[in-house]
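What follows is a set of structures for review.
Paired with chain B in one complex and with chain C in the other, chain A is shared by the two complexes that follow.
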Partner chain A sequence: MKLSRQSFVILAVAAAFYVVVRAVEAAGIISPYWQMVLDQSLIITIGALGLSLIYGFTGQFSLGHAAFYGLGAYAAGVIDKLWGHGVFPFFLLSLLAGAAVAGFLALLIGLPILRLRSDYLGIATLGFGIIVKVLLDNSNKVWPVLGGATGMSGTPQVASFNVIFVIAFLIVLLVRNFVFSSYGRACTAIREDEIAADVMGVDTTRIKTLAFVLGCALAGLAGGLYAHRYPFLHPSSFDFLKSFDFLLIVVLGGLGSMTGTIITAIGWVFLLEGLRIVLGQNFIDFRGVIYALILIVTIILRPQGIFGGREWKMFVPGIKTAGAPKEEVDRHVSA
Partner chain B sequence: MSVLKITNLSKHFGGLKAVNNFNLNLEHGEIVGLIGPNGAGKTTVFNLITGIYSPTEGNVRFLEEDITGLPPYKVMQKGIARTFQNIRLFKNMTVLDNVRVSFGYRIKYNFFDAVVRTPHFNREEDAVTAQALEILEVLNLAGRALDKAGSLPYGDQRRVEIARALAGKPKLLMLDEPAAGMNPAEVARMVELVREVKARFDLTVLVIEHQMGLVMNLCERIVVMDFGQIIAEGTPAEIRRNPQVLEAYLGKGATVA
Partner chain C sequence: MEFLAQVINGLQLGLVYALIALGYTMVYGIVKLINFAHGDVFMVGAFIGYFGFTYWGFPFPLAVLTSMVVCSLLGVTIERVAYKPLRYAPKIAALISAFGMSLFLEYFCSLKFVFGPNFRVVKRPFEEVYWHLGGLTISNIQVTIFIVVVVMLIILQYLIYRTKTGMAMRAVSVDHNTARLMGVNVDNTISITFAIGSAFAALGGVLYSVAYPQIYPFMGIMPGLKAFTAAVLGGIGIIPGAVLGALIMGQVETMTSAYLSSQLRDAIAFGILILVLLIRPTGILGRTETEKV
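Then we have the complex of A and B:
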């Protein structure tokens, strides 16, 4: 199978990114702390791409994304802590399990709610987020290993930059392939006009559920990576404010733009850490003020988000027959 | 052969009888017009046929099969496509993607093929794209394929709606005011276009329209509704002379000048 030009460009950009990071690391410019921030930014990118599918592309408002992120983190974390002990294949399996747990719960919530039009999903996911937070806070009463409100530690820290980078890269490809397929077009059609999509033959409940489950599974996967990169899991890392973070990234990046989500996710994590240094320990709480201001200003100046539905060319598959001479179109039709 | 057979169809919204005891039979290859004053219930009939509303009473048979109460996507998969009175394109998608959405239900690759980009996926996508472009060619829109649908001028948007409906491979095409807001020259072109499309795709056509120029030129048979009921039915010439129709449109006592 020959590689299309787009795939080649994506591969080249990813390779260049990797080489630059490795070079900077080797030169000793990047401290372990900033390496951790970089890893976190890639993890958040995976989770944000999930919400981008749900809200940005399919138009289904979700306020509980961090709950799925947390479920993935705790599920993958506890599995590997108890049985995996950091053996690599088991680590990968635990990631899949984290994604599966998040995806399965998304299916349970999505099936009844996604039949409805309008914003019921937002309310349902908000409620779900609160339930998950409360359950995690009290989880030690049922299963002490989970640690409850004191948090859980002991998950093997085996998610290196290499692993996180490769997985993030594969997820970007997966999301891009999904978006530029019949499935992705159906999602966007639902976002644009649900009734028209229905009348054009799109099984809207099925497609909305698919997008929601896939998006939440990505959050779960991101959570699983997080658990293997940060030794301490705490329920407050997965509360409503964290969901709001994901939402901010998707809205600021521009609804319906993968490019926007990726860039904003990375930028966002670095901005939060940067503010920690700029503001100093005493003013750290002002971060909340500053990022709310950024949101307000962006929405006023650029309501469509930074990328406003546009994509890097490398993501957009070429249209083979567009502008081609008539004969060529005919040949494709008869083939 | 009967393509569409509607029997005793009614839709009541509380006390309002939006459609009451509506009967219609469409034979293969017919072009039938559905006219009537504003609020007569024409669009409600369309919404009942396509499953957006479920009827209070009565049934709809399409190609001898009962489709009453099926959800819209299933109705479309059976072979009924429509356009909307107030254009409902997917505005932020390209014209080509608007059309390709309607191919969705016939696509043969699965989720795995799509995310891994198997050769099977690529072949199918290329074929769908080519067929979509072919439809756009027929509607004289091939040059706009990669433009955002919402950025097109009004008349072009009307044609994208028709292209999108045709892409679903319908046997029955239902047009809801395709010539609304068009001048006489544009109406004449729309008449030609509907005829051409009908012949080329072997369609039966049901059209709602206020532009008498279009209805009288295009339709072989006209059904007139008022207050949710059929008040007259016949050829354009018969309808033109029908006193009840004149009354519905112009009020009691009106005569042909």
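Then we have the complex of A and C:
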């Protein structure tokens, strides 16, 4: 297989990240708690990349992303709990099933509602998210295994850092290749101007649905990993506040920037946990207040997001990594 | 008769939603922003009213008035601090800021030296009295809510269609720049809109806490979402639409609780919203905008 220079750089960066984490771990600096936070940040990254496809690149406003995350978590979790028992191939199959369930429901709901525009689409997806949460809350009446409002436990905890890391890495590659494929171009065209894209021959319905299904399937995959990393699933972990978490990450990172989404996702999870440590027991009540203030101040200072549509050049194909100008490639996104 | 009693319960809930929905729809009409902090202004309103008639010894109308004044100041402050800097930024930035503001109010009010994180039971400022009309039972709370909301709606209608301020609000909602060229002070008009919307939310909060006597710092989330949904259902930015949507929401919720299952009521309410949006993408009274190329 011939590796382009860029793929080589991406691989090298990923390998370096992995080695550093492993080294720090071996040195005993990372406690199991922080290991869990790190795993969580990678899981959230996968889900956020899904929303980045839907909203950041295709411009379809979704306020119900956590519903698909939750559907994936419950589907993968219940499959592995009942039949897989944590055997590795079954674990992978259950992840795929989680992604498939989320993707399939995204297709069912997406086909009708993707006709709606901007805020109306946001409200419809928000409504869908609330419906999913209510159904999960009452799921035990149909199928007691799901636990309903008391939550579900008993999924084998087999998602190690290695597995999560490899999957996150593959997803980053997948999203990068999608974004820079002709499909990705069509998505960006729809985001910039749907009518113009339509006139230029883009099958807008098909592309919007494709991006929505793919993005939701990624949320489902992330949910599946979550179910295998955290022993307790509860519908309130997947309510509309969680959907907002994904939205914040994508918007604060900068719409249409994978780099922004990845870094903000990891940074955001660490910030939330970091606040817990910094504030200590006495001031823990202030965590929510500070979180909210950071959010408001950041968005006022950087309304276009931290990365504002820019991308690390290692993610942009066709640009030589060596000898290219030093500044980041500006793909100029007008939101 | 049982059914008629449920209709009246639904009307009570719907009228309170209408007060909140008006604030959403007015703000959306004028700055095209989903003001997520609106539900939390409603919460602050409920708390101030509660403090007024429970601890400060205010008579009920004075407590309501205090709450409305405090909340309109709060609404204006929120707009100046969190939304004004982002008025000409991408729409999503202001939405995120609104969400941040909502979280800020919720967590700030949960602090021990503010309202505290616990549920509080509201002791009603007046005794609940029931009147029996034939087989039907109506409480004085229901009558109060009905009269207050109808009077407020008439006042609002007058304000918007018969005063200069109202004319300015309508002008700004069509086009900021043109309105400015015509001599309208856009910033002030937007502030006034936030003040009126927040005062309505405060009134809604006090009435809600009297009708359903329990308050806590996160109480604004669900009524806020429902009221917003109601505004979208009726056609956002359209004032009669907000009231119509809110009345429908109130009925749907009460009927689902009474005849189906109280746990499913949110699912049914939002299911109806999605269905309505699919049939009429801009809400029941919404005008379909033709897109210019």
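Here is the rule we use: the second predicted complex is superposed on the first by the 306 of 335 C-alpha atoms of A that agree within 3 Å, B and C clash if a C-alpha of one lies under 4 Å from a C-alpha of the other, contacts with A are read in each partner's own complex, and residues count from 1 in each chain.
Just so we're on the same page, a contact is a pair of C-beta atoms (placed from the backbone, for glycine too) under 8 Å apart; a residue touches a chain by one contact, two chains touch by 3 or more.
The structure displayed is predicted, hence computed values, not measured ones.
**Q** So, does A:201 touch the first partner chain B, the second partner chain C, both, or neither?
**A** In the superposition, A:201 touches chain B alone.
**Q** Could you tell me if A:130 is touching chain B, chain C, both of them or neither one (first, second, both, neither)?
**A** Once the two structures are laid over each other on A, A:130 reaches chain C alone.
**Q** Chain B or chain C: which reaches more residues on chain A?
**A** C
**Q** Both chain B and chain C contact which residues of chain A?
**A** 195, 335
**Q** What does chain B use to touch chain A in their complex?
**A** Chain B residues touching chain A: 50, 52, 71-73, 75-77, 81-82, 84, 88-93, 96-97, 100-105, 107, 109, 111, 114-117, 119, 121, 125-131, 133-134, 137, 145-146, 164-165, 168.
**Q** If you look only at chain C, which of its residues touch chain A in the complex?
**A** It is residues 34, 82, 85-86, 89-93, 96-97, 99-101, 103-104, 106-108, 110-112, 117, 225, 228-229, 232, 236, 263-264, 266-267, 270-271, 273-274, 277-278, 281-282, 291, 293 of chain C that touch chain A.
**Q** Name, in rising order, each residue of chain A that touches chain B in their complex.
**A** So the residues of chain A touching chain B come out as 1, 174, 177-178, 181-183, 185-186, 188-189, 192-193, 195-204, 210, 256, 309, 319-322, 329, 332-333, 335.
**Q** Under the stated contact criterion, what part of chain A meets chain C in this complex?
**A** Residue list for chain A touching chain C: 61, 112-113, 115-120, 122-124, 126-128, 130-131, 134-135, 137-138, 195, 240, 244, 247-248, 251-252, 255, 285-289, 291-293, 295-296, 299-300, 303-304, 335.
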